[in-house]
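Take this structure first; my questions come after.
The chains carry the letters A, B, C and D, assigned in the order they are written, with residues numbered from 1 in each.
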Amino acid sequence: MDRNKIGKWLKQPAKMANKYSLNAVYFCTGCGIIEIPPVITARWDAERFGIIPVATPRQGNLFMITGYVSLKTLRAIIRTYEQMPDPKYTVGFGSCPINGGMYWDSYNTIKHLDRYIPVDGWIAGCMPRPEAVFIGVTHLWTLIEKDMANGYLRYREHYDQYRGNQEKLLGKLDWPPLYATGIAQKEIAA
Amino acid sequence: MVATVAQCVLLPVLGIVIGLFFLGLYRKIMARLHWRYGPPLIQPVIDILRLFFQGGMSHGAVFDFGLVLSLAGAMAIILFIPFAQWCPLQGSGGMLVILYLMLLMPLGTALSGGEAANPNASIGISRKLILALGYEVPLLLILLSVMSYYSTISIVDIVRGQQASVWALFSWPLALPGIAYILILPAVLGVRPFDTTTAPQEISSGPLVEYGGKYLAFEHIIHALSLFLGISLFVNLFLGGAANPIVFFVKILVVFVACVCINAVFPRLRIEQAVSYLWKWPTAIAFLGLVVVSLVK
Amino acid sequence: MNEGLKEKLEKAFPHAAITSMRDTDYVVTADKESVLSLLAYVKDAGFDHLTLISCVDWIDEGEFELVYILSPYMKDNEQISGNEKINLILKTRIARGNPAFQTVTHIFENAEPYERELHELFGVHFEGHKRLIPLFLERAYDIPPFRKDFDTRRYVKEVFDNIPAIQDIKA
Amino acid sequence: MRELELYFGPQHLGMVGNFSITLKAEGDRVLKATANPGYLHRGFEKLMEYRTWIQNFPLVCRINVVEPDHVEMAYAMAVEKLAGIEVPERAQYVRSIYLELARVGSHLFGLWAYANMLGFDTVAQWAMYHRDLVLDLFEELTGGRVYHIYIWPGGVRRDFPKGFKDKIVTTLHSIGGCVPDYDAAFFNNAIFHKRASGIGKIDQRRARELGATGQVLRATGMKYDVRKVAPYAAYDKVEWNVPVRSDGDAYSRIWVVRDEMIESVHMIFKLLDCMPEGEVFNKPPNPFKWKIPRGEAYARCESSRGEFGAYVVSNGEDKPYRVHFRTPSYPHGLIILEKLLENANIADVGNTMISLYVVAPEIDR
């Protein structure tokens, strides 16, 4: 470790710790999950960068939406996302969560993931190769460094809109809102 | 007096440092056995740091209390187990206190995890308690035979007795309980094939399922401490302790690496298979050892 | 046996039309009253593996076509008799207006999820089925989505394209 | 004891694929298990009705993520049956080799999943590494790592590149050289035997009633393999065995998988030896104007989990009128799994599921 890096560690321990300890929630949301096992195992070894899968959302801080999101999965994704403690980062993986990809005319998959939960970064491709995952992660590092990976703050700020969009699609959600909604929400934002 | 107080403060810190080093080493060795490079050695420290900066969620007063109880229990045992020549509370109680305090760790986790009211957690806790029941039986027999052989309950005296002659593992009647201890050591440490308690693929890491943020960080520290404690106890009882901290460290390191290698080559057992294993061979050997020791004595 | 089976079927079920398409595919078209007995019959005749139950929406003719595809398991653990390569495609038509049919779960136990799926995606009701609960879908659709008059592209435009993007309040 | 309701999945480390099982449990014992699919439902067969015959190829391979090749094969065979297209002989051999490579890769993935489920990271990581070597072969052959879109009606998209034969042989030898390691570490491991034997036991009569195929059926002793009973591609050109076991539990299934992998590798070597020269592609008509005559066809092939079938109906248009895929995981995951999990131990839920090799996207489609 060079001196520069040690200096950074001393200055911004929180940021550095968040960067080098990305614990991914292992949620096989779509077909992109097929590239996650190679990424975390012997050939590509993501653990070099501190990325390991964890068992429950409470323990993780990186949420990879791997592939298309069907309506039933969206419900599970929202619940999982809301269970994760702050700060948390979301990465959309593959082209399907970006704009629907090849399922643009499917009646059961959502087209734009960022209208339902905040997304910090995208990795395009179908499938993205393991190298693309690493490039995505290094970009996420840059975003964390510059305080731009603030999806969880956006979620709190615009919770009214996010919850509105979710309920528009899934009907009345059967769990209480994570943050205050309505007028109280606007006060927080102000 | 000053020396004792200083040891009381420094030994738990030393325990945490060594425990975290072990966790890092564990991941590194496992990675190498998996044909991959592995994380940096300080990865557990980074993880814990990150968890302290992450918001956690408490599930009530008992949740916090159980965690503190667990941590306090672990810290307290360190003061009773000699680390080379340092053992601040050697005059008070010895092995019996250790036995009592060792129950605190699973109990605290059970209290705390049970408060989270997650079915996975309750299954994990019941598994943890059953496993503890499984290895406590042979462990008690082993400790009894060691104590009766050296006719003392003081662990420092046992270490001295071994340093005067030969390591207990290689002396005749005590070799039997020694072998039994080796057989149950993975269960005491909770490594494979006995990591049923936290089996992430079965019950989503069991008691830890609802922990996040700083609570999980504390759980990691407790885990690190328990690794350190389990191995220290074994080294003191059967590998002759050490007169020199560096020698002691080398000894626990060797035992730990052996345990990691065992961990790497086995899948995990089901809980009833684990208990039936623990109550069969280790218990039989430990019992035989106790009989032989009492006859020889 | 193949020719024998054809003759036997023709004898037992005079209303069923049997056409052999290729050397391995036999197509049997039957009216809906005789399907259950036909299925039971061919099951006894060796076709004991229900591979697939499918449904085709012939919207122009106002009918649903239920398709049962069967093939034989091996009689013996070791020996291949040569019949195993035959696929028996059994078809019947039901009215599209109020589609209902009897369940075949009492003949083939593995028909259960297939019928559940057809119930959900085509809206075909299977009488006597014990568990006709939703299988795949999360939202309720006015028209079951696999019917031909359900236009998924229009549906996507109406539903998904109407979800607004998140507006930044500060900006 | 208190009755618990447990959700095994969809967010779960032991769950491979986006699938969920709702368990009613009492202590460690499962009283009732309900499979809960649909997390991956995209309505493939509906989407295919909107696309031309050839446009559907990129779509169909997404039905099964682990092993897209057999889906391509089933669909291509059905289209060939409908349109009456002949396939050149060399293409049959190429297809066979390609499908067997896919089987090896898929079984290695299954081995990863199973070893990972038992907490046996070491073997899991080895298996995943070796699967990656197979994917490298695919990448050289087809340009895609996971989805290949290699089989087309009338043959395959391109011939083997120069020196590709040697690469296959080298790769398979390097994987095969590790079989003793796998045996010593995993297949002959006493604890693996303890964990797997007697789990998810199903006898042959019951397996037949419930529509089992693939290694679930072969683990009960029946030598039923579509490659053998209804040969397609070049499977009838070489000698090979169908590995079977008789106990019908998870242990037998995993051993059948292991034997199958070895058998596949041998088969690839034999096929490479007797591969004829010639064309590999009978070009079909212009895909944008290609109309296939009215009719229907059912084609099936043996995927690494069981019988994979495609039922295709054409009404004379340039698009399929109706397509329905018969996937092996469908009966395995929705019926057999539910039946096997009754009265099982909670620790064995994932164990049973992965030994049946349930792949979720195949069920939902």
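The rule we apply is simple: a residue touches a chain if its C-beta (ideal position, glycine included) is under 8 Å from a C-beta of that chain, and two chains touch if they have at least 3 such contacts.
Note that the structure is predicted; figures quoted are calculated from it, not measured.
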item: Chain separated most widely from subunit B, comparing mean CA positions; value: C
item: Which of A-B and C-D has more C-beta pairs touching across its chains; value: C-D
item: Per-chain CA centroid nearest to the all-protein CA mean; value: D
item: Computed distance of Cα centres, subunit B from subunit A, in Å; value: 36
item: CA centroid of subunit B to CA centroid of subunit C, Å; value: 59
item: Where subunit C and subunit D are represented by their mean Cα positions, the distance between them in whole Å; value: 23
item: Interchain centroid distance [CA atoms averaged], subunit B/subunit D, Å; value: 44
item: Interface hub residues of subunit A, defined as touching at least two other chains; value: 41-42, 54-56, 70, 72, 105-108
item: For subunit B, residues that touch 2 or more chains besides their own; value: 34-36, 200, 204-205
item: For subunit C, residues contacting two or more additional chains; value: 136-138, 145, 150, 152-153
item: Residues on subunit B engaged by subunit D in the complex (per definition of touch); value: 30, 33-36, 119-120, 122-123, 126, 192-193, 195-196, 199-205, 264-271, 273
item: Subunit A-facing residues of subunit D, complex; value: 10-13, 15-18, 38-43, 46-47, 50, 58-59, 62, 65-66, 109, 112, 124-126, 128-129, 131-132, 135, 145-147, 360-361, 364
item: Complex contacts: residues of subunit C adjacent to subunit A; value: 136-139, 141, 145, 150, 152-153, 155-156, 159-161, 163-169
item: Subunit B-facing residues of subunit A, complex; value: 13-14, 16-18, 20-21, 23, 41-42, 45, 47-48, 50, 52, 54-56, 58-59, 61, 84-87
item: For the subunit D and subunit B complex, residues of the former touching the latter; value: 4-6, 12-14, 25, 27-28, 115-122, 125-126, 129, 185, 189, 191-192, 194-195, 345-350
